[in-house]
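Note that chain A is present in both complexes that follow, paired respectively with chain B and with chain C.
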Partner chain A sequence: MLLLQVIVGGLLLGAVYALFSSGLTLIWGMMNFINFAHGEFVMLGMYVALVVVTWIGGGPAAFGLGAAFALFVLGVVVYLSLIRHVVRGPMLAQILSTFGLALLLRYSAFWIFSANFVSLPQTSLSGTVNLAGILMPVAQLVAGVVAITLTVALHLLLARTALGSRLLAVAEDRNAAMLMGIRPDRMQALAWGLSAGAAGIAGALMAIAYPWSPSVGETFGLTAFVVVALGGFGSVPGALYAGLIIGLIQALSAYWLGPVYKDIVVYALFAALLWLRPQGLLGRA
Partner chain B sequence: MKRTSALRVAALAACAAFLYSIASPAADSVKIGILWPLTGNAAAAGQASKAAAELAAEIVNHAHPELGDLPLAKTAGLPNMGGATLELVFVDHQGNPSLAQQLATRLITQDKVNVLLGAYQSSCSFTATAVAERYGVPFMVGESAALNITGRGFRWVFRGTPIASDYARTYMRFFTDMRKSGTTIGSIAIVNENTDYGTSVADAIVAEAKKADISVAIRIPYSASSSDVSAQVLQLKEKKPDVVIFISYTADSILYMKTMRNLDYRPAMVIGDDTGFSDPSFIPAVADIAQGAMNRSAWAIGKPGSTTYRINEMYKAKTGRDLDDTSARNMQSFFALADALNRAGSTDPEKMRAALAQTDLKPEQLMMGYQGVKFDSTGQNVLAATYLIQLHGSRYELVWPDRAATAKLQWPMKGWTR
Partner chain C sequence: MRYGAVTLWAALLAYPLVLYNQFYWDIGVGLLLAAITASAWNIVGGYAGQVSVGHAMFFGIGAYAPLLVYHLWKLPPVAGVPLAIGLSLALAVIIGVPTLRLKGHYFSMATIAIAELIRIFVGTWDLVGAAIGLQGPAVGRGWWDLTFRSEIPYYYIFLGVLAVLLSVTAVVERGRFGYYLRAIKAGERAARSLGVPVQQTKLKALMLSAAFTSVAGSLYAIKTGFIDPESGFGILVSVQMVIVAALGGAGTRLGPLVGALVLVPAQTAINTWFGGGGTGLTYILYGGIILVLARFEPGGLHELWHRAAPLLRRRARAA
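Let's turn to the complex of A and B:
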């Protein structure tokens, strides 16, 4: 029974990993561009949730959507003002631009919100449900379900809709897409908006359960990279599987071997998998 | 014309200032280099301590006769150095031991500080003190608790705070007291973050528990940057210890309390080894789910009108918060350092070191619940001690030992139950 509890906890955590990693993998798939500020987007999503709760007094639906919307706008702004220009530059400029953006966002958050740890006050999602002896915190349960739903929705958007086809067309061949009457800038701005929006809503969901400070983005950023690499760069379903697998492995190894070993186990398996399958679980070789 | 005269005045002023500075070297300032984590995981604690150090410097630099026997409060500046004032140079090591080492070197070689104070995380104090020892600059360890910081044969390192073994002994005395009054304490569990601080305190508790004949059901080391601790809480749930002692930093201790609530795990008692449990963000985050959680503190606000009460009011006016134990221990170490600087009467390193070694502060000269401040040959304060406090409502009350208690101990803890 205890083991089942550990497994459920791991999967719920993994689902949230999947949600915030799906945005990162989307940008990679669209533009071959690594966004080092992705963890900071998650962090900002958490603070947007806090601001909405403390100033407006909204519930989880309000702060979740608020964070998604605010970060969507931020993603579009970041694309139009920064990314659009640096993609024409050398590779190094691309990497360093988002790295710089990460630092800018992190220290702006230090300046505005101070270094103190904060957490959301009790919300309607603060309780736990007891499902046949398995205790599931409502917040994590909702976060997990929303995360899986959104990740699947993002996948369907890309794979099944005309909009998705246009997004992928730009990713495939920018010039050919332009000849077909698609405006690549608009599509890529949208991709950045979706990516940041997913990170924002993931942050808002995490904020219900975890205390955080402006430096929390470092931890999330790293996890997101591992999830994306394991799932296969550019693959949204890959990010979903990889997120769940990593959450599960972390929980099981922490339970069986002790918490200090959990990251060793995760990264050892990660390295082993990349050795066998460098493109990741669902990545294209 | 106007411009030349202005220039002349400026030049004269500069000359005067220069002459003044040669004529009275004593009324200069003494530079104290302070290393704390001002950003990063433990930034909140670092910032709180920074405010405390600034307040302590303000108390030393200006006359505060209302603060009783607190050393250097009555006078402005350091009287034995012609009223020299304390100048603080803060640096941020972000909780990174190698950065702490570099910054200590920079403070000594470039900023030319006279003494050093720091460094919160034991791992950072460990590296930074080694630099001070190499350069022969006195280093006051404000509040880091790991055993191995003193006891390396260093001459230049002093520590005002109680250390891991003092705390461990306190916990065991408390358990023995509880057993005498009929409370069952079969076994305890220790959950510690896995850097120098958590490891050394946990080691000390294991050793003292053995002596006190209390069995340790499980010991769980973990990394303080964990984003999920459910597996650890489930391990505790399985072992059913009567008391769980947490040696944790801020985010992780909040996360533990929330996870315990979520997984419906409530042991008879939770004891936090200060640090995370004393962080200003801890109470607002978990007050409604961690009622009765215990913590240690050598700091108590005291009755209105007392010196400690006045210090707390000043701190509150500055920061909007009550002074916490961590910052207060740093502040106490700061006062002990300032007292020694004054007795040294000069910034000659050997003289400062000798004055520190001869420190002998009495309980009434302190703001903390120590028996005094007196350093042994390793630089450790041998008169340091601590109280135990318990979360009642939205504040900690002093509950043990009985002679000092301001409220009655609640056992078992209520947690989230009403």
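Let's turn to the complex of A and C:
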């Protein structure tokens, strides 16, 4: 029974991984660009949730939407003021730009919120439920379910709507899209907003279930790389499956080997994956 | 340029004797260490354009090996230096063969993940002190332990290593190998079509870079007499190499040294003004610097100078 509980817990956390990783993979698919500050976006989403709860006293819906909105705006601003200018520059500048952003955001968070671990005060989502003998914290359950729903929604937005087609058209061929009357800059700014917004809301979801400190961004950023590499660069459904798999692997390795090994197993898997299948497990060559 | 280089070296040689004070020696030693690590990174990250963000793995091996041979067998720490170089070369081959096939961002991601993997692993490994780390000899048993009370001997040892490294870089720059590296940076496919052995050249560059990064780690550990997973293998160690090199000018011989000359004193100034809280502020500054650099001046100070110098000269002539 305990094993089953571990598995369910892993899958629920994996769903949140899937949500923020789909943001990273969206940018990668759109413009062949890896955002090294993506984990920091998740971390900021957590602090936005904390600020909304403690200052305004908002409930889960308020801080979830607050985090999504704040990070959406940040994503658009980052694209317009920084990424747009470096994306056609040298490789080193591309990598440095988001690395610099990551350091800036992480240590600003240290500066403002201190290095201590914090967690959200008791919300309406505290407590546990008994699902056919499996005891699950409500917060984890809600976080996982909402995350899966949003990841699927993002996939549907890209695959089924006119807006999604416009985004994908820019990803496919910038110039051809321009000839069709699509403004690539606007679409890419929107993609950055969606990507950061997904990270922000994932952060808010995680904040209701787990304590955190400013340094979590680094771990989440790496986790997102692993998920994206496993699911195939640029694929949102891939990120969904891979997120669930990684969550499961982490939970099981923490259960069988001990908590310190959960990241070792995942990073080792990542290294092996890059060695054997650089295009990702589910990606195309 | 020639006079500039001579003046620079003369200034570096005279520095600890002119500013004869512990505070300035600390800055000097830190500066040289930053210059060595960034120059070592520069061979593969700058010249070959393979942006590794995991060089801490070589630095960490270099730092751990000397203290480990002391810890296990009471050997002088220096005896660990060749061991560290050997291990770093082996690691460079093991991780280089698969990861150097990856392009651009993928390579950076892979190097970060592998360095983090090693960091977490070292943090759980009791033989190397797990999370607490290792300590060197508290009091030197002889000159061979290289535990000097004054910073000056360290300063000149570090300066010697930097001089060797920059001479090697100069030889690389002028030779066929250097042309291969720059060809790869400019375009891998084109380089391959011209007969450049791309993978082999990248691997050699990574090995050369790893060996010197490892030496830098050894110097750090022998001087400090202490190492833990974060200061050896932490991601900030890797990031600092990239920042210092990029600030001065990645892929130029003196760029990393210039970057260190600017950044290390700035860092010390912040730490002095803001006391203990300065560390976080330093990284905010780092982040800001590289952000602005990437946005406005991706070539670093080197390129800025090359653009500004003719203008200044024209103005001087007009005046």
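By our rule, the second predicted complex is superposed on the first by the 264 of 285 C-alpha atoms of A that agree within 3 Å, B and C clash if a C-alpha of one lies under 4 Å from a C-alpha of the other, contacts with A are read in each partner's own complex, and residues count from 1 in each chain.
In the analysis below, a residue touches a chain if its C-beta (ideal position, glycine included) is under 8 Å from a C-beta of that chain, and two chains touch if they have at least 3 such contacts.
Everything numeric here is computed off the predicted structure, so don't read it as measured data.
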item	value
Which of chain B and chain C A:175 touches, first, second, both or neither	neither
Touched partner set for A:271, first chain B, second chain C, both or neither	second
Contacts of A:118 with chain B and chain C, given as first, second, both or neither	first
Which of chain B and chain C A:210 touches, first, second, both or neither	first
First (chain B), second (chain C), both or neither touched by A:34	second
Partner chain(s) touched by A:103 [first = chain B, second = chain C, both, neither]	second
Partner with the higher number of touched chain A residues, chain C or chain B	C
Partner chain(s) touched by A:260 [first = chain B, second = chain C, both, neither]	both
Touching partner for A:91 - first (chain B), second (chain C), both, neither	second
Intersection of chain A interface sets (partners chain B, chain C)	110, 260, 263
Chain C residues touching chain A - in the complex, by the definition given at the top	45, 49, 51, 53, 95, 98-99, 101-102, 104-106, 108-110, 112-114, 116-117, 120-121, 123-124, 235, 239, 242-243, 246, 250, 280-281, 283-284, 286-295, 298
Residues of chain A defined as touching chain B within the complex	2, 5-6, 9, 13, 110, 114-119, 122, 128, 135, 137, 140, 209-213, 215, 219-220, 223, 250-252, 254-255, 258-260, 262-263
Of chain B, residues touching chain A in the complex	38-41, 43-44, 46-47, 194, 220-223, 225-232, 234-235, 237-238, 250-251, 254-255, 258, 261-264, 279-281, 284-285, 288
Contacting residues of chain A [partner chain C, same complex]	32-34, 36, 81-82, 85-86, 89-97, 99-108, 110-111, 218, 222, 225-226, 229, 260-261, 263-264, 267-268, 270-271, 274-275, 278
